[in-house]
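Each chain gets a letter, A, B, C and D, in the order it is written, and its residues are counted from 1.
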């Protein structure tokens, strides 16, 4: 059992008293958000050691992708981060586009950004809801899912599906936005701004909520960087690492938005980053709808698509962090290797550090604040 | 006819006691059905849902159906469980609730047992509940149950103290330990709640009541997102139903007790006394539910710190005030 | 960026077999596997590089050899570096970077899990996604997927 | 103490939100009794488009959709050949379908579409298998008519063929 040196010294003084109770959280547990299993060693309510066990959802998607033509792989990515399927679609499409040097029409880029930000709101709402439930505020769950339903309705109208959208293609998007979509989105933006205020009143300002989240699970900046965490987890620790700003893709360099960064590094900061990102997403949506040009939405590609041999990677700011696809091509219709750098996978690896010394009740808060999706971790 | 029945029971007091016991026990079993239905409806409406709808008009019979389902379920006892304790724990919880209902005055004369130390009795028997939770948590031989049970005991015992102190304030104020007398005092002198020290006592009582019946800011013992279901994780079927019933009956009792202590019990104009009792109880139950579905829950150390560092001293000082102002 | 690359080439000379500037702030280096760890350490510690963020690490199988891919980012300079190398399929061994970058710990475990690449010096090199008693390394190109009786343990037909 | 007052105050503000929501219209859709309207792009159960004018299915059995499918859902038996081709069998194993829309996009003849039907659950094990009679617009009758039309057209083509062998003849149709 690896224990840090300071821990070791305190342990040796009390080792006669207890050797810790091993408790198995998951794979079926209400707050592990999927089939994550944590082996905890407890001393009373204190966590001494945590070992995450993953792989219960492993489907070998990367290997499956090696056996299929490039464009057949897009629907599989829906099953990675199933709460933000469009981000995954975009990630793999961008990677194939870079590999094959495919240009995307302007309008398609704007549509992609619009869908991406709607998706981000939907995903953060799931976070908000489940995080609320984890901490006992069950009502927040229902409110967040009520509003998520509005986003899903919009996405359903545009893409035809509610969860596994598969609506990004190599070289654009399959179809233009439906008629009157912009008005509906703007109406949603208006409603949602008010609902965000309501969430703040219900949860963010709540004293109990703050005392449950502030100074819990503090992740220092250097540790967050060294562990390669990304997304809200890293930004809450004071690093402004947002792919949309660091390496702008699509039209993110043409829209104006702020990247919320907090220095506290605790659960509270991670929560605030996500809440603020929803505000920023609304801003982006409004700008995108204002600036969207007319034109085609898809580049015609040959029926059998053979990119030249080489290595390419793409990175996308998914709601959970840096989602990166890496593809190796040898010039044949199938990729040699598809690697998915799943943000949750890396973010979860920092969990043992965060949990050491925390309380059992904080476990769910910390795990919830990392916001993992097991479909993406196990791939 | 009625006179004959009364006379018959007067001649056979043992039989009369038996009838009262049966009525009370079935009342304690029936009340949860109503309270759970209200809870589900209120929760649903607060959460933009509709709640139960299909069984009976507006789903009123849903809880009855659920109770029947629970009673018909297989009674599973885990292999490693300490069987004796595992078997009796739910019944102890239930009996402690029934016992506390025994001294509760619903209306003038409507009380199963007129006892001059009713308040003391209630405080005494409600502690059985703690014992049953500890038994359930320990005997299940499940780590989650154990954690839940230990948390529950720590929490219930901590909150018992400020609660008793705030109840004592009322006792000193009215000068009686009998619930009936406390209510009668309020009928004459106005509700206790309007007097400043009792107001604070009522607030403390309200907070402690939330903790005693494991309601949301204090629902740690059964924090389902952490401990699956806390002390009753391993229970199913009828035993689980008894835990559940006793929890909701307790919910009813604790508000009825508060109504008697602070809000004048059956006192009220026009409507008959029994209606007033139930009205007050259900308004308070609604407020409890309203609170339950709003905030997140606290952590165990925060809960205990809150009880010992704030509630206990405040209720002690408050008790002194009540004595100074109230004793005649 | 150019200055940094020149210094790197001076420092490691032959070990860096190839380098290309992909974009203004991105360099792709192909290095020899023998000084994999040294180069990573240099990239992390040198003030011109300061690649303090391990973005990605993976392995692929070309059928004749294993390619290793490491991507780093610098929070100070906003530079990206992709480091590539190749190792033999018969004896897939390479130095572990887990002690330099804790973030590649799980990536290395996953690559061991899927390709059987031994990361020398890794503190906890065991299977991560597959069950501990799994036989073989399924992402290798020559891994034969044969149906077995037990669906949870043992190879499964792919596709 | 300030914590306590702050706690009570913020709890009260939170309760105001829940109170407001208590009286808002509820969002529940009582599903089996009420149903949500399905948007036109909804990707539900497939259908093969029936062409009323030509009295046949649009499908020509070119297998482009089967090739576009990542999970090999579609299998078909071609009927006829050339411009008069169609399908006599068209089977989709929706047990493995991802409803990804790739087959619809691949089809150059507007023959296959995804419709608004989403209640596909069944208690039968073979309910995932949808045959041409389940998929074609108009059901069995459409399939029958389709086969009839194709056979008629094939026969006409057969008749026309000898004429086409004449030196002056070209592709008449």
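FYI, a residue touches a chain if its C-beta (ideal position, glycine included) is under 8 Å from a C-beta of that chain, and two chains touch if they have at least 3 such contacts.
Keep in mind that this is a model prediction, so the values were computed, not measured.
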Item to check | Relative to chain B, chain with the most remote C-alpha centre | outcome: C
Item to check | Interchain centroid distance [CA atoms averaged], chain B/chain C, Å | outcome: 61
Checklist entry - Counting in whole Å, what is the centre-to-centre distance of chain C and chain D, each centre being its mean C-alpha position? => result 44
Next on the checklist: Quick check: how many Å separate the C-alpha centres of chain A and chain C?
Outcome noted: 24
Checklist outcome for this item: chain A touches at least 2 other chains through residues 139, 143, 146, 202-203, 206, 208, 211
Checklist outcome for this item: Shared-interface residues of chain D (touching two or more other chains) are 11, 14, 17-18, 21, 27
Checklist entry - Taking each residue of chain B in turn, which ones touch at least two of the other chains? => result 46-49, 217, 293-295
Item to check | Pairs of chains found to touch, sorted by chain label | outcome: A-B, A-C, A-D, B-D
Checklist outcome for this item: chain C partner, complex, touching residues on chain A are 2, 54-55, 58, 60, 62-64, 67, 222-223, 225-229, 239, 241, 246-247, 311, 313, 315, 322, 324, 326, 328, 330, 336-337, 339, 341, 345-346, 348-349, 378-379
Checklist entry - Hey, which residues of chain B end up touching chain A in the complex? => result 43, 46-49, 143-144, 147, 216-217, 219-220, 223-226, 228, 293-302
Checklist entry - Where on chain B does chain D make contact in their complex? => result 42, 44-50, 53, 217, 290-291, 293-295, 306, 310
Checklist entry - In their complex, what parts of chain C are in touch with chain A? => result 52-56, 58, 60-62, 67, 69, 71, 73, 75, 78, 80, 82, 84, 101-107, 110, 114, 123, 128-131, 138-139, 158-159
Checklist outcome for this item: In the complex, the residues of chain A that touch chain D are 68, 71-76, 78, 139, 143, 146, 149, 156-161, 164, 166, 169, 174-175, 178, 198, 201-203, 205-208, 211
